[in-house]
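You will see two complexes here that share chain A, one where it goes with chain B and one where it goes with chain C.
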Partner chain A sequence: MPRWLAHTIVVAAFAGAIALAFWRVGYDWNWAAVWAYRQKFLQGWLTTVALSLAALFASITIGAVTALLMRSGVVLLESTARVYVELIRGTPLLVQLLIGFYVVASAVGLDNRYLVGTLVLALFSGAYMAEIFRGGLDAIPRAQLDSARAIGLDPWQTLRLVVLPQAVRIALPSVAGQLVSLIKDSSLLSVIAISEFTLNAQEVNSFTYSTLESYLPLAAGYLALTLPLSALSRWLERRFAYEAA
Partner chain B sequence: MKLAIHGLVRRFADPGAGRPPVTVLDGLELVTGDIAALVLVGPSGGGKSTLLRILAGLDVPAAGSVAFDGEPLPREEAALRGYRRTVGTVFQAYNLFPHLTALENLLLPLVQVHGLTEAAARERVREPLERFGLAAHAHKRPAELSGGQKQRIAILRALVVQPRRMFLDEPTSALDPEMTAEVLEMIGELRTAGTQFVLVTHEMGFARRVADEIAFIADGRVVAHAAAADFLDRCADPRVRSFLRTTLQQ
Partner chain C sequence: MQRLASTAIAACLLFVAAAAQAAPPLRVGMELSYPPFEMTDPQGRPAGVSVRLAEALGRHLGRDVVVENIAFDGLIPALKTGKIDCVISSMTATPERAKSIAFSDPYLRTGLALLVGAKSSVQSAADLDAPGRVIAVKKGTTGHQFAATSLTRATVLVLDKESAAVLEVVQGRADAFIYDSLSVFQNQRRHRDTTRALLHPFREETWAVGLRRDDTALRDQVNAFLEAFRAEGGFERLGDEFLPEEKASFKAAGIPFYF
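Now for the complex of A and B:
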């Protein structure tokens, strides 16, 4: 059976089951009320796209730098990177957002909540990225480094030509998964009153009392971002595919 | 090449914490004549691979001196890197870069380290790829090559930079007999063409064919060292005799 057909059948069966559940509870649909707010949905969705994109690039940069610091051989840098990763991964994003915005950002006089929110999100995701990248770097056998030294590569060439191309290949699926998480985690930015997708859906809900009509488009809007990302990741995996020798 | 090693010491920290370091090379002494091929033999863990790594500029001894043709090996990493660029090293497990094709593995050092243009590098590797019957495999990744093909590509990668000498660390011990034969044949051809090398191997028949001198290394020292035929036929040392007996029985 071709894969697209299998996907279609599974999606149809799943949608059917959900539809059946809605029919059983006899939900009273009121799409018209929500439709009136379609501009608000679009504006929120675009904000989420912009925030996520910015946080995505920032978190990859932060993660790469942190992973390199972890292996720098300089105790203070390694310790800084480790403490950062453990603190961030060990605490809820909600707490980080509240402290980051109401305490840290206020203390330094930073009052652009979009900037602060994006930064906190990038720092949050960057800690996970750092661990993913570190895993990728650690997975390169020592023999590869020996080989690179033997042919006379310097440390920077070794990193660029030997280590990174292999580490990226190893880390790619996890990075894509983390980026999907990042997009969904951006919904928490609503707690510091950033007018992103989720906050707008909540507002529409409170205006119209049409809960599901507000939140179903929300789910669809996130899927519209995360599914292409997964597809892109699978395509990249195939492009970089090689078996370990 | 005339190799002179004096008082070479190398210790490794014991993996068990708190224990004293393990001495792998224990004041090793070895002075060769002006020869083309030196073969190192001896039991596993005796120190021959560590010695080869030091000769290849990949490891630094704690004490002692090494000189090729009167020229001492450098000790600082930057100078060692310069030295490594003038020699070729082949490992037991090929160590090709798995994300690159065989051809790209060959081009990488030529372009990135030795400053050749892409076109000049391709021209440089074309003939050797043909000569060793590897041209048809040039665009395969290492995972698609047999063990023998991988090892021959690894030898070519070390060879095409035109090194002053080559270091080969048990290049056939990961291979089955048929592939061993094709790799040894290639090394034999290099020998005929005048390439100088230091080779660690357990293939005593091959050692007889290519070696000028053979040194037997055990417990971090040279136990016996002689011209190849003398070593194989007339060495009286009981450890060497016993080693040769068991190796030849295999």
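Now for the complex of A and C:
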């Protein structure tokens, strides 16, 4: 059976089961009320896209730098990286947002909540990225690095020609998973009153009391962001694939 | 022996059936983060004016009361889907809400007031509708609805906790927090140096018990209870127990706040 057909059948069965559940509960649908607020949904979705993209690139950078610091050989740098990763991974994003915005940002004088929110989100995701990248880098056997030196490659060439092609391929699925997580974690930014997608959907729910009619478009909106990301990741995996001897 | 056993089992089943048909507990929804109306005591049990009111209602109806702690903007969905039987959570009876649920007779008259930052130049609600003004509101409240419909030129910060909204005002990030006059009074007392209170309500409101639209039987019972409770001085007692200072201050300042 071709894959696209199987996907279609499974999704249709799923949707059918959910529709049946709704029909049996006898839910009183009121799409008109929510349609009147479509501008709010759109604005929220665009804000989430912008925040997620910014945090995405920032967290990849932070993660890469941190992973390299962890292997730098300088004890102080390695310690900084380790403490950062353990602290950020070990505390909830909610706590980081509240302390980050109401305490740290106030002390430093950073007032723009969108900037602070993106920064906190990037730092949060960056810690996970660092561990993913470290895993990818550690997977390259020492023997390869020795061989590279033996044939006269300098550290930069070794990184570019030997380490990265393999490490990226190993790390790619985890990175994509982390980025999908980041997009969904961005919904937590609403606690510091950032007007992103989830908050806007909740507001519409408050005004119209149409809970499911507000939250189903919310789910669809997030899928519209995460599915392309998964597709991109799979395409990249195919591109980086090579015959593993 | 077998006869005795089967008779005993039958008797037990009958007893259970009879007990099950006794009046089911009254499930009351409220958000326990609004002292002194809805809060928790140091042991973590629900306490406050609304809890006392719910217990009195339960006694009047001859039903046990179960208090469900639900976030404010989730109360109406919980009521509509049958997770709770009524909402006693200092909820304002508004025409918008009345499209979804039914309300009992009002039991308290209050109004929307402003908690203003000490450094802000806001003097009244009319000052708020200007570009550059930042207003904090709590999601799902009448303050939120007012800001969304009437303060379109200002920036509205929607927060899900009262404490976060107060923090925004205290830190000077928001000019004002729109909330009911009682809470504004209490918050201003806690932050005397960083905030001031504009207590005269710019919009008067009444609180009522929320019920499902088709639950007319319970609505009649609740209205009968409210009348009886008021007649025997129940509200006076609650006011004296939980809000003595506020009652006195508001009375002195001529601000409407009465059961």
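Here, the second predicted complex is superposed on the first by the 244 of 245 C-alpha atoms of A that agree within 3 Å, B and C clash if a C-alpha of one lies under 4 Å from a C-alpha of the other, contacts with A are read in each partner's own complex, and residues count from 1 in each chain.
The definition used in the following text is that a residue touches a chain if its C-beta (ideal position, glycine included) is under 8 Å from a C-beta of that chain, and two chains touch if they have at least 3 such contacts.
In this text the structure is predicted, and so the values were computed from the model without any measurement.
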Tell me which partner A:152 touches in the superposition: chain B (first), chain C (second), both or neither.
first
Have a look at where A:8 lands relative to chain B and chain C in the superposition and call it first, second, both or neither.
neither
Looking at A:111 after the superposition, I want to know if it touches chain B, chain C, both of them or none. Which is it: first, second, both, neither?
second
Go through the superposed model and pick first if A:61 touches only chain B, second if only chain C, both, or neither.
neither
Could you tell me if A:207 is touching chain B, chain C, both of them or neither one (first, second, both, neither)?
second
Counting contacts the way the document defines them, which residues of chain A are shared by the two interfaces, the one with chain B and the one with chain C?
none
Within the complex, which stretch of chain A touches chain C?
102, 106, 111, 113, 190-193, 195, 199, 202-203, 205-207, 209, 211
Okay, in this complex, where on chain B does chain A touch?
56, 58, 81-82, 84-85, 89, 91, 93-99, 108-109, 112-113, 141-143, 150, 157-158, 161
Which residues of chain A touch chain B in their complex?
143-144, 146-147, 149-154, 157, 161-162, 165-166, 169, 240, 242-245
Sort out for me which residues of chain C touch chain A in the complex.
73, 76-77, 80, 96-97, 99-100, 136, 139-140, 144-145, 148, 157-160, 164, 167-168, 171, 173
